[in-house]
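Sending over a structure as structure tokens; questions will come in a sec.
Think of it as A, B, C, D and E in the order they're written, each chain with its own count starting at 1.
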Amino acid sequence: MNVVLWIIFLPIILFVIGTFMLGYSRKFIARIERRYGPPIQQVFYDIFKLMNKKTNISHGWMHDFAILMLLGGTLLTMYFIPVPGFSYFAQYGDVLVIMYVLLIPALGMALGVGETANPNGSIGISRALMMLAGYDIPFFLTFIGMAMLNNTTSMLDLIHLQQAGGIATWGIITNPILGVAALIALQGMLGEKPFEVMVAPHEIATGPMTEMGGKYLGIMMIQHAIGVVIELTIYINLFLGGAVNWFEYIVKLFVLFTLLLSVNAVFGRFRTDDAVRFMWKIPLPLAIIGVLFIIF
Amino acid sequence: MDEKMTQRSVWEKIAAKLSKRSLWMLHYCTGCGAIELPPTMTARFDMERFGINPMVTPRQADILLITGYLSVKTLKRVVLTYEQMQAPKYVVGFGSCTINGGMYWNSYATMKSLDRYIPVETYIAGCMPRPEAIIYSFNELIAKIDRGEANSWKDYYNNYDFYRENQEHTFEGPIETYNDIKADAALFRI
Amino acid sequence: MSENNKGSILKPFRALKFIGEKPVTIRTPFENRPTAPRYRGFHVNDQEKCIGCGTCAEICDNDAIRMIEIPGLEPEVGSSNLRPAIDYGRCCWCALCVDVCTTNSLNMTQEYTHVSEDLNTFFMFPDTEGIHKTDFPLGYQASDDSNFLDLERVEMEELSPEERGDSFIEIVKGYSKEQAIAEASRCVACGLCTDTCPAHMNIPEYIEAIWDDNLSEAGRQIYKTNPLPEVCGRVCTHKCETACSIGQRGEPIAIRWLKRYAMDAIPAEQYGDVNNFRVVKPLGKSVAIVGSGPAGLSAAYYLRLMGYDITIFEKYPEPGGMMRYGIPEYRLPYDALDKDINYIEEVGVEIKCNTTIGKDIPFEDLHRNFDSVLIATGFHVGRSTRVPGTDHKDVFQSIDLLSKITRGEEIQVDEKIVVIGGGNVAMDIARSLARKQKVKYGKVNIIVTSLETRDIMPADDEEIEEATEEGCVFYPGRGPVEIVIEDGKIKGLKTNRCLSVFDEQHRFSPKFDENDIKLLEGTMIVESIGQGPDMSYLDTYTDKIEMDGRRFKVNEFYQTSIEWLFAAGDIIKGPDVINGIAVGHKAALGIDKMLENKKDLFYNTIFDVLDKSLKFEEGCRKSSSKFAGKFSPVVNNMITDLTVKSKDLEERIKKLIQNENVLIHLDKKLKRPQEAGYFERCIAEEALADTTSEKDFLKNMERKTRVAFGLYHDLEKLTKNKELEFLFGYLKAQKKKQLEKVEKLLQK
Amino acid sequence: MEYEKENSIVEMMQMQFPEAAFKVKKERRIEVRLPSARLYDFAVRMQKKWNFLHLSAISCVDWIDDGEFELVYHFWNYDEKVLVMAKIRIPREEEGDSHFETISNLWQPAKFFERDIHEMFGVYFDGSEDMERFILTDWNGPPPMRKDFITREFALNFYHYRDYEPQWLKDMMAAGEGNE
Amino acid sequence: MSKIDEVRDYELFIGPNHPGISGNFSFKMKLQGDKILSAKTDAGYLHRGFEKLMEERLFIQNIAIVCRICVPDPDPNENNYARAIEEIAGIEVPERAKWIRTLVLELSRLASYLFGIGGHVATTGLYAFSNWTIADRDRIMELFEELTGGRVYHIYQLPGGVRRDFPDGFERRVLEVMDYIESRLGDYDDLAINNALFIKRATGIGVITKEQAIKWGVTGPNLRACGVAADVRKDDPYEVYDKVDFEIPTRTEGDAYARTIVRRKEIEQSISIVRQIIDKIPAGPVWNKIPNPLKWKVPAGDAYVRTESSKGEYAYYMVSDGGRNPYRVHVRGASTTHGVHVLENLLAGSRIEDASQIMFSLDACPPEVDR
């Protein structure tokens, strides 16, 4: 019964946290830009408005299906990630499963955008896939590294191990090299600057989102809100000792997010090839070194 | 108008209350009035405070700002852009040029009254309007949405023939559009 | 920043310090944030100060200012019933209108926010309160440093008092070409002068022509309403200059001198070419005019223009009436007068001098020999103060002396002279006598006394000043009591102080202070307190003509109760040349109407055009045509008033005449860019009805316009209008469509 | 002497182009009127020999009363700091384009100016690689900068203008009627 | 082109509503992957027919419309227009008015540069910087508002001088604003100009060599970024530029970064010029009255006047036939070269992510092209 309630409410809870985090990010950046910025619940308004649009232009069934695939993939990932109080599915799936399902939204997006036949969207998708190639390998390596270090592929076990040993056993302490590599990869994964090549309004007019409006964009934003939380949670679970309760969880989320946002706020974006090159030049070697450390 | 207001369901009222807080404007500098948009968007006047954000594609935008005069060439793009926007959508006319031709009243290249081509929600006086006036107009627009009166966009679906006729007169021929407005109107029951 | 700067990755993080700092954002944008004191916001207009000159509308880039007629506001001298309304669908807030405002009434506030879905709110009538009737401090204001208007008159060179004191040479030297162009360029063409001028001369038009150095155009414009320009250019009372909008803050345009310049610069033999005079159609009817003063000559000229045969009867040896015999030569040289009169004779007006009606020819004969008679005999009998002693032989009437001077007869000039009167005639005689004294005695001793104090003296200021310069001594505000005679010789004039000239009802009823008595010494007294008519020649008709008080009862065209008898000039409406000309002109129209019975044609055409314009406007509105809405609603209402509300022609005419200036207003509309071409279009449509070629069309159009707006409208400009050509094309297309429709119907 | 530099340049140019009429307008401004056939030679010499490297603009003036177009080439010399305005006149065709030779192979900016003049005045520059419509792609009328095209007339005829009926005006009219 | 290439080539139409375009402008690009094979600009979206409108308006009326030709930097237009009339009609300008005009031009230049570099940096995604510069630019707008009565359109320079003298205490406030902007320059450098990522993105983009620059008719800061120290203010001095002391910053790289650096350095120069003006400005009248503008004929003649706008060489060719309206005014906008074929040349061969950077670093202003 408990599980069913969690299944129903977890997406909602994560969505709420996600919208507030995105709202927080806008506020944070606004302050650096020397302005006040929108209210923190702004993202919720935006999503509501988008979902409430009267007309929604569809580009065919593939377009509709892909958007659902996008959201579905994200929700699927969400259930495999342990959060405080709920790890029912997490015990069945391990990091490798998470790695796998994480790719589904990206594919969904590629399918949907391909259908819109907007060149900006296509460029955006090709960039997204390139970035995927950039950050996924280092991130995957850190997964492997952490799994090897702790001798388990279960995320649940990883969390338990870290929590048992206190701060000293947190992944970031036991293997800082991997921690840094994963952090950089995480920045790319979130699509924050300097790795914001997929959206890049000045270059390709928000790329994949170009042809998305109304409910489509609304769903993408919901997916983004949940996705941000999921991706940060993965990092917290791997390197920051997970969280025992929701308070700790949210604090860790915000601290980690603030760290990433600070970088986002003061840098522009890389060129796509530079971004990938950067990923392969710094996080990838770091990840390899980290893994090598663990092996030897 | 009063009749319509009473007809609004509770849900519509709540929806208006929430969606008025988020208005995305299309980042399209159609004319010189756009020079006051960057100050409005950025730190000095910070319109994001009111939930108004620049958006780069018409699909995502709710507000189309016609920042001043429109040359016929631009007008064509504006019509296409407007049709691509998802309803409800609001058009704000900036300054004299959108009302009665403004400075360019005798120019061969610019249109003179915007509401002949697309329905306009509100106008701002000025040449060009100051950022304060722009924000004030957004505020008015927000209030209008809240009251459920910002329905000019429906006019485009209902009186499409009128607009199309004027457009074709000005473009001196039919234009190719990507949307079938009448079919859309039937599909979305507007 | 060295040349090979790799940059820093850490320094950008310094920007994070702004998280803690207060943002630069302005927190309260919804309120009207105060602007700089000089801000160019919405307009305000001080309606009290505004004179409706329309200069703002004239300078506006964008046609954003529309002068609308304010119902209930009466046009006055120097102010019209128009006021600016501003179209914020056009305005660009450049504030040129503020900098050009003649009265400084138009300013801008610091208010800048107006947001509305109702487009009608963007058409604003600025008063002192601004667009939202809220109080905002003034922003951009008119400033004298950067005013566009040229407020200073080009100085007219005059003879110095020493040079002119002993001769009758003309005092004013006249403008040179450069001076005239500079002076003409000051004009803003508001047309207030036209409204004020009794003859409604096309003043802005001829000033513009002078500025353009197009003298023949100037001449043509002047001759439209004034056949005695050389005279008017010198001695006109120039009411127009009092009305001049530039005079609100500076010196008015020297309209009179400009007219004089234009006419002086055209040689007499070119008058005909300039004016392009052609008798419209010889009619074979004749008109007798009694008196060759301004009214008579003016009527003669215009009647001749219409095709009548004119004979003028003049009592004196030379024509000109009061202009010759009442105005001294130093003000109006006989050459100038002759130039005008010669031209009128040239066009075929016959002037019989030395012919006194009633003596040489009986009045009855005139009626028998001519189709119509116009009497314009003027005031040639001086009025007396009737104080004791006026029957003395050394007491003279100024009017007699002046005419004697003109005729070259010897007159009595004493060493000490007292002139009674404060009008221009008094100045004329005083100054003429001063010259005579100077020649005879080498010095001037003339006392001028009048009931009126200096500030309300009816004479022109410059006249008084010049008289003072020439040595006349003024004792204003004194009433004559008696002429003191000792030993059969006049010792002087006893006067007392005049407390007030008019009573509360503005009737002439002087009150005197009996205790303040002063003797003005002089051995010769000249009375110059006014003149009256001599109507003895009318004979038996005197009883037949209905009177209205002391004057003849006349209708709007100066027709007396006897159908064939018209009256003009001082005997109807005085007291100056320009009024005479105006009355003469109008009487000519009246005579024409009487003789040719064109009355209905004239008015019918006007109303036809008005009706048509109304229908046209309506049609345009209905079909959302591009022509719609170029016509201000006020004018529209005016026309509706004239055309729809009353179907009866007589009633309509009455209404048209009630508002005497309606035609002038309509004519002005034609000149305003917003409404220009509007009537033209309507007229054109009418004209098109029976035309086949473009030439025909233009001719037809000219004819129609001449009939509709015969007096005032600028035909030449109209026919040159480029708009006409394209209009013609448009109308032709319309006609073609109509024809096609008819054909289709026929085929069916 | 006044305008020493300018006069010496004029002297030098006059030797090569005796048929041209030179005039020093003011400091750093030289005006030259050329027969249109000599313009290209002049331009080549300007660029290659006399070092006028910068083509500031090409202006076109429609002298409709003379039936001619005036083309004014503004050349700037970065070293001497002098501007030469070369003026030529070409016949004005009532219908269709007038023709003249291009200098866009010498100066790239000429491409834009020539294209612009073609659109606005209807002067075709033979030999230019790109004479396509550019600014006025959506314009069907005559070249608008020609003097016989009157924009006010066109606009009034073609576009729709607004007709205001504001409340204050109605009130005013109502008040006016009441007074009568 | 092989078959595969044909498939890989595609056309992308950028603009007119695209944030990567400065203003209402567009270009068609032929792409292969994200490499631009060729680009073709398409202007005219902002065409109002200024030159035609001017021919049908009085001389005085045109001062209200000329400033609309380039919105971010309107004052060179007014200055050119006024000077062209002055040159033809031989109107003298009072000394103080000349200084005030120079001040206005420099303030306008400053505002435009702040806008320009903010825009360029924003194309790389660093929005904080443009937020700062545009907010700081607003201070200059406020100065303009105080002096001229308008924020953006000043309509201030009349033939014969300027419309109004300084308001009370204006000099002090100008200096305050100058101090403020100068104090901000350090922050600018830290955040963007010396930002390693920005430098990485902007160097080597849209390189123009010195020879190309001269051949292509590049002017202004863009030319100075290629190593040519040419500036109309020095070469063809107008107003009082020969009486103030300033340098012409140059760079030799000719790339996008060099162009922005030149602008950044010119901000310092402009601040110094403004200070000198406030220091040296003489007293006196500010306007030599012209005749009644409603009846004003400018004698026949022609004049070619140039100013250095923030975008480059800005010139007016005015012809008067002795009438009330100008017979012809040709506006040579600075961006007529930059915005069209220089841009086309630079885009060909570059990458799509750099397209907007190239456009913004050239600071091309479409309304100057369209007029």
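Note that a residue touches a chain if its C-beta (ideal position, glycine included) is under 8 Å from a C-beta of that chain, and two chains touch if they have at least 3 such contacts.
Everything numeric here is computed off the predicted structure, so don't read it as measured data.
**Student:** Shared touching chains for subunit B and subunit E?
**Tutor:** Both-contact set = A, C, D.
**Student:** Give me the set of chains touching subunit D intersected with the set touching subunit E.
**Tutor:** B, C
**Student:** Compare the CA centroid of subunit B with every other chain's and tell me the farthest one.
**Tutor:** C
**Student:** Report back the single chain whose CA centre is most distant from the CA centre of subunit E.
**Tutor:** C
**Student:** Quick one: subunit A and subunit C, Cα centre-to-centre, how many Å?
**Tutor:** About 84 Å, centre to centre.
**Student:** Distance between subunit B and subunit D based on Cα centroids, please, to the nearest Å.
**Tutor:** Roughly 38 Å separates the two chain centres.
**Student:** Roughly how many whole angstrom separate the Cα centroids of subunit A and subunit D?
**Tutor:** Each chain reduced to its C-alpha mean, subunit A and subunit D end up 59 Å apart.
**Student:** So, what's the distance in Å between the C-alpha centres of subunit D and subunit C?
**Tutor:** Taking the average C-alpha coordinate of subunit C and of subunit D, the gap between them is 45 Å.
**Student:** Give me the residues of subunit D that touch two or more other chains.
**Tutor:** Expected reply: 136-138, 144, 149-152, 156, 158-162.
**Student:** Which residues belonging to subunit A are in contact with no fewer than two other chains?
**Tutor:** Residues 30, 32-36, 201, 205, 265-267 of subunit A touch two or more partner chains.
**Student:** Could you list which residues of subunit C touch at least two other chains?
**Tutor:** 12, 15, 23-25, 61, 87, 89, 92-93, 119, 122
**Student:** Okay, what are all the chain pairs that touch?
**Tutor:** Chain pairs that touch: A-B, A-C, A-E, B-C, B-D, B-E, C-D, C-E, D-E.
**Student:** Per the contact definition, I'd like the list of subunit D residues that touch subunit C in the complex.
**Tutor:** Those residues of subunit D that touch subunit C are 150, 153, 156-169, 172-173, 175-177, 179.
**Student:** Per the contact definition, I'd like the list of subunit C residues that touch subunit A in the complex.
**Tutor:** 12-13, 15-16, 18-19, 21, 23-25
**Student:** Inside the complex, what are the residues of subunit A that reach subunit B?
**Tutor:** Within the complex, subunit A touches subunit B at residues 26, 30, 33-39, 42, 45-46, 48-49, 52-57, 201, 205-206, 209-214, 217.
**Student:** Enumerate the contact residues on subunit E facing subunit A in the complex.
**Tutor:** Residues of subunit E touching subunit A: 10-12, 18-20, 31, 34, 121-128, 131-132, 135, 191, 195, 197-198, 200-201, 351-357.
**Student:** Report the residues of subunit C in contact with subunit B in the complex, numbered from low to high.
**Tutor:** Within the complex, subunit C touches subunit B at residues 23-26, 29-30, 32-33, 42, 61-64, 87-93, 112-117, 119, 122, 131.
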